[in-house]
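Chain nomenclature is as follows: A, B, C and D, assigned in order of appearance, with residue numbering initiated at 1 for each chain independently.
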Amino acid sequence: MTYDVAVTSRDGKTTSYKVELKRSDAAGWICQVDGQPFTFDSAQPAADVLSLLVGGESYEVRRETAASNGNGQTGEQSIAVGGRRYVVEVSDPRSLRSRKAKAGSSEGPKKIKAPMPGKVVRILAAEGDAVEAGQGVVVIEAMKMQNELKSPKAGTLKRLIANVGMAVNAGDTLAIVE
Amino acid sequence: MTYDVAVTSRDGKTTSYKVELKRSDAAGWICQVDGQPFTFDSAQPAADVLSLLVGGESYEVRRETAASNGNGQTGEQSIAVGGRRYVVEVSDPRSLRSRKAKAGSSEGPKKIKAPMPGKVVRILAAEGDAVEAGQGVVVIEAMKMQNELKSPKAGTLKRLIANVGMAVNAGDTLAIVE
Amino acid sequence: MFKKILIANRGEIAVRVIRACREMSIASVAVYSDVDRTALHVRKADEAYAIGPAAARESYLHIERIMDVARRSGADAIHPGYGFLSENAAFAQACEAARIKFIGPTAAAMNIMGSKTSARRAMEAAGVPFVPGSSRGLTLDEAQKVADEVGYPVMLKAAAGGGGKGMRLVHHPRDLASAYEGASSEAARAFSSDEVYIEKYIAQPRHIEVQVFGDEHGNVVYLGERECSVQRRHQKVIEEAPSPIVDPAMRLRMGETAVRVAKAAGYTNAGTVEFLVDAQKNFYFLEMNTRLQVEHPVTELVTGLDLVHLQLRVAAGEKLPFAQADVQLRGHAIECRIYAEDPDNNFFPSPGKIAQLVTPSGPGIREDSGVFEGWTVPLDYDPMLSKLIAYAPTREQAIARMLRALDEYFVGGIKTNVELFRRILHDEDFAAGRMDTGLLDRMLAKKMSNSDLRDSAKIAAVAAAIFALSSAAKSSDSMCDGPSPDETKSANGNGAASGWKRTARREALR
Amino acid sequence: MFKKILIANRGEIAVRVIRACREMSIASVAVYSDVDRTALHVRKADEAYAIGPAAARESYLHIERIMDVARRSGADAIHPGYGFLSENAAFAQACEAARIKFIGPTAAAMNIMGSKTSARRAMEAAGVPFVPGSSRGLTLDEAQKVADEVGYPVMLKAAAGGGGKGMRLVHHPRDLASAYEGASSEAARAFSSDEVYIEKYIAQPRHIEVQVFGDEHGNVVYLGERECSVQRRHQKVIEEAPSPIVDPAMRLRMGETAVRVAKAAGYTNAGTVEFLVDAQKNFYFLEMNTRLQVEHPVTELVTGLDLVHLQLRVAAGEKLPFAQADVQLRGHAIECRIYAEDPDNNFFPSPGKIAQLVTPSGPGIREDSGVFEGWTVPLDYDPMLSKLIAYAPTREQAIARMLRALDEYFVGGIKTNVELFRRILHDEDFAAGRMDTGLLDRMLAKKMSNSDLRDSAKIAAVAAAIFALSSAAKSSDSMCDGPSPDETKSANGNGAASGWKRTARREALR
């Protein structure tokens, strides 16, 4: 089995690996990463947990799927190695779903989405305004905290969906910058 | 739905209850135990866990099924209320399984079974010997501990299956007293 | 001693108090809102009663409903925890009226301390050192005058406030008006009072607080200090005891000042006197919190005391069982507040279902948690999940121990700030004890080094592939019955867990 | 300090040592047998290597294989934990030969203490008080003579023994022969030496031990005592510190005797001197355990020290970082050894899969565990799952706290002795500190009161019915798709958990 795996670390850098899992002659397993041999032993103590021994080095690995947001899209899959988390995207050449998954990557005008449920308490820019990257556009309040949603890029505030007092769900689009 | 529930506490006493679960007029539920009304609220925080509120009193209840023993028979079901455990046997009048379950209760000659896997290290009585209730018959060693298996009743050691050095599984019959 | 105590709170602090009740053979009564029916505090209490919908003001802030449960259940005392009604004098009065003991200070003492301006008047009379500024709520015009007098930068604060809400730092006169508006509107929402006042802003101050405890026989002691300078938006993130910069002489001075504060207010039970400390180690009275603090465990670990047990005994009229001289500090304790929030996304709260939960344990580790695996964190309340506390003989060991515990801590399904703590505890300035309330913001401004984050990416990639393979396996397994050869041959139950192997094998045989 | 330490053990103690290594930034190397591939110590270590099949003598007792891993991994020290090779002088010698530091006493010191008879000779020379009896292994004939001299009852003991194996109490001369046979054969199996000796039996003695610690510069200190009188078949069940009967004067006498014992053996690192204490508080040397004890955490909690950190530092050649005068005891600590065994069935070991695991936490609770939910406890080793330790300012509070923690503790799928501890901690004699090594057997002989066990049977019955209904529901649910109305209407994810309600509703609508 061969998988294309895109690994994104917390600093946003994404690296892609081609991982081929093959049975070794012995009880162990041989894996090729980007064509280079990679030998290890793996066991699964519990669901979503792997214990990997790579040449003696012990790695505890956990998988998690982030809670699905308001839009019913299921959240991203991430892998924690020891204390470090990576967002991963696995595509199996033979599967369609994974290719579909890739599609969602953001193109065209950038949306400002509500990252969680809450209430809009202030609007900081008007439709048509020019906005800087990182400039505050909408303030929502949730769990007694006010949070300013910033423009992802410099441009024009093309659409403003949010209005003060409006209740929003995670994932709702509040404004569009172009 | 009505169930017959046999509850056995750790001191061996068994009490039987007839439990009828019925919807109440309100959102809550009405239950009759042996014909007496019994009102409560129930929620299930996780699998095998119940939170019962009975007139305000909060009970955390957990269900467990003991590990199946060597013979593949699945173990007994028990219910823990707070710190206390009870072995329960639920029979649904409409189901056959539960009646079958009842069948297994010990009749006729009493068996001395290995309560867990181990090795027979000593035999303390010979076939045909008269044995007292509680008299040692077989000694098995497991987890570095020697344990003496005693006769469940006074009688004759009718059969002796175990012999020194023999490896035994949980549930294996080692001897029969009649 | 009390027979039955109602806990007017939720989350970890409710569980904390329920545990203390159990340890003292006192019946505990929980209250819960609709979204908390299966919450830990409901399940651990001896009794539990619903008090309304999710919105706090309809449930945990609803005095009448809580008093009604207290009467119905026959509770003879109420513990308010922190937050919610804990510093609400009206609630304390309602308890007095119902002849139910409020476990905390008197309503009178609360009223003095409840408004920062009245607190300031009382404390100035007692000769407690203050940061220059106004001692009462101000109009915008007045605010502008006072700001000019004490000089910029200045801090706007909600008179009825606490926990950083309704606070604004102003560097330039031109920003004062908008900040004033923001502070007072936020204050209005948070405390239903828009009164704000002004103080001179102390650059890079430390936040150090002193735990005090008073009985109802006039005895007041201090139980050492807590360093709480690691903050974000004026919210404490890490607390420790003792403070790395407080020596015995300074501890004595701060402690005695704190006791003077408490006595000036006729204070009883547990309280905390917060000080700002400048670079020259001068300390200024900030406010007094008339409740048990979130961070009380670090004081418990270094003093060997149990502050909640003590609260109950003192509230029941007992004398403090020890004198000031008996209080000895030993070792070092650090607390991390584990929040359901996303440090990579502007610290937005991240409510939702906890799909996996692995909590640390072992030597020197204490966890006060309000959650469990499978619990869905409601979005209606403060997103704190639990408090992780590490104790060790020295500060250096306590930091290393906390890092070990954080490595063991895993919360799946929602985002948490666990990784943030790793970063803070690895920070040079933090390790050296060079802290001020700006430390965290400066740290967050720095970019993380990639090397630090990427060296196990390859492992992650391989693991992801293995998981993919094993889930592919499950679907196929479900179709064929009977265990695979490996399952039967596995040495014990644990061997059989390695499901992906046999599938990969199957793959290879194709 | 060491760069990399191999832990030649498994279970909770291996995890305990690995945690200490992490806290001291030392790489840790685990070894494991075939059944332990997914064990906690393998997963928590930085490195892990297989050393053979389940049988201990093929893996955890196999010196060559462990030394081989040490060499391959480049470990510069080995921590033996307790049990297995921890008191095996040959292993210590193998380490010396390989220039790998053995974290414990020298092989020479072990040899002196390893055989009780040689230990006795050395200690008698140092003027340490002893129970009358023989000071060497005896033939049956000799045993009979000595027994007649000191008078019955007498105790037969394995010279190479420890932990109660190969011990027999003999009340009458006629039972001596069979007991001798049993003791020596058990000794042969356990320690591959059938040497046994005899001691006068002290009626209703207490078992109190003193923790000692020596560095490699001639300094030896004592760290207070542990009361270990609650035993079953000479196996400790509950340990606490301090002992309820030891006052400062007695502590001083026992401590100084223990230090004398250690010095007489040229002892270094952590060790424990066990004493028998009779009704008049006379204490007699029992044996010295040349390793870290299972029950070391209670000493850590009352002294504020970390004994494993200390072991590593002392083994690395550091001086003890404190003097005897600096050792202060504070508060009270109790440890319960949680075993996979069935108290209702003659304490038979109960290996198997841990289907559910809920562990206690919160104030004053420490758990040192070697297991996790889903782990299958192998039948090849000691069935201890974890150690639960409670700390509080007073013994009374510590007992109450432990009871609270036991109520929170739940292990599903296998039998444990958790309920046994509830019973012990509720016992009047235990509560009063009236303990001797016969306490537990006497307690177990008593029948339990029914009232104590049956009053929530009705709740259990109702719960069983609800579970039955909800499982019935699941099967039917799986056939119909789409959520039930309740699921959609539930306030948050938690509400939806109450699966049985909607089924019951369906039932009612039929």
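Keep in mind that, in the parts below, a contact is a pair of C-beta atoms (placed from the backbone, for glycine too) under 8 Å apart; a residue touches a chain by one contact, two chains touch by 3 or more.
Everything quoted here is computed from the prediction, not taken from an experiment.
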Practice prompt. Just tell me the minimum hop count from chain A to chain B, counting one hop per pair of touching chains.
Written response: 2
Worksheet item: Roughly how many whole angstrom separate the Cα centroids of chain C and chain D?
Response: 35
Worksheet entry | Centroid spacing, where centroids are CA-atom means, of chain B and chain D in whole angstrom | 29
Worksheet item: Quick one: chain A and chain D, Cα centre-to-centre, how many Å?
Response: 45
Discussion item. Where in chain C do residues touch at least two different other chains?
Written reply: 37-38, 44, 352-353, 374-375, 407, 494-495, 497-498
Worksheet entry | chain B, residues touching no fewer than two other chains | 43-46
Item to complete: Can you identify all of the chain pairs that touch?
Response: A-C, A-D, B-C, B-D, C-D
Discussion item. So in the complex, the part of chain C that touches chain B is made up of which residues?
Written reply: 29-30, 37-38, 42-49, 72-73, 372-375
Worksheet item: For chain D, which residues are in contact with chain B within the complex?
Response: 165, 186, 189-190, 342, 344-346, 348-353, 355-356, 358, 379-383, 406-407, 410, 412-415, 418-419, 422, 447-448, 450, 453-454, 456-470, 472, 494-495, 497-501, 504-505, 507-508
Worksheet item: Given the complex with chain D, which residues does chain A contribute to the contact?
Response: 41, 43-46, 51, 53, 56-58, 60
Worksheet item: Hey, which residues of chain D end up touching chain C in the complex?
Response: 15-16, 19-20, 22-25, 34-39, 44, 54, 297, 300, 304-306, 308-309, 328, 330-331, 352-353, 359, 361-369, 374-376, 378, 392-393, 397, 400-401, 403-404, 407-408, 491-495, 497-498
Worksheet item: Where on chain B does chain D make contact in their complex?
Response: 1, 3, 5, 7, 9-11, 13, 15, 17, 19, 21-23, 29, 31, 33, 38, 40, 42-46, 48, 50, 52, 54, 59, 61-67, 77, 79-86, 88, 90, 92, 115-118, 141-147
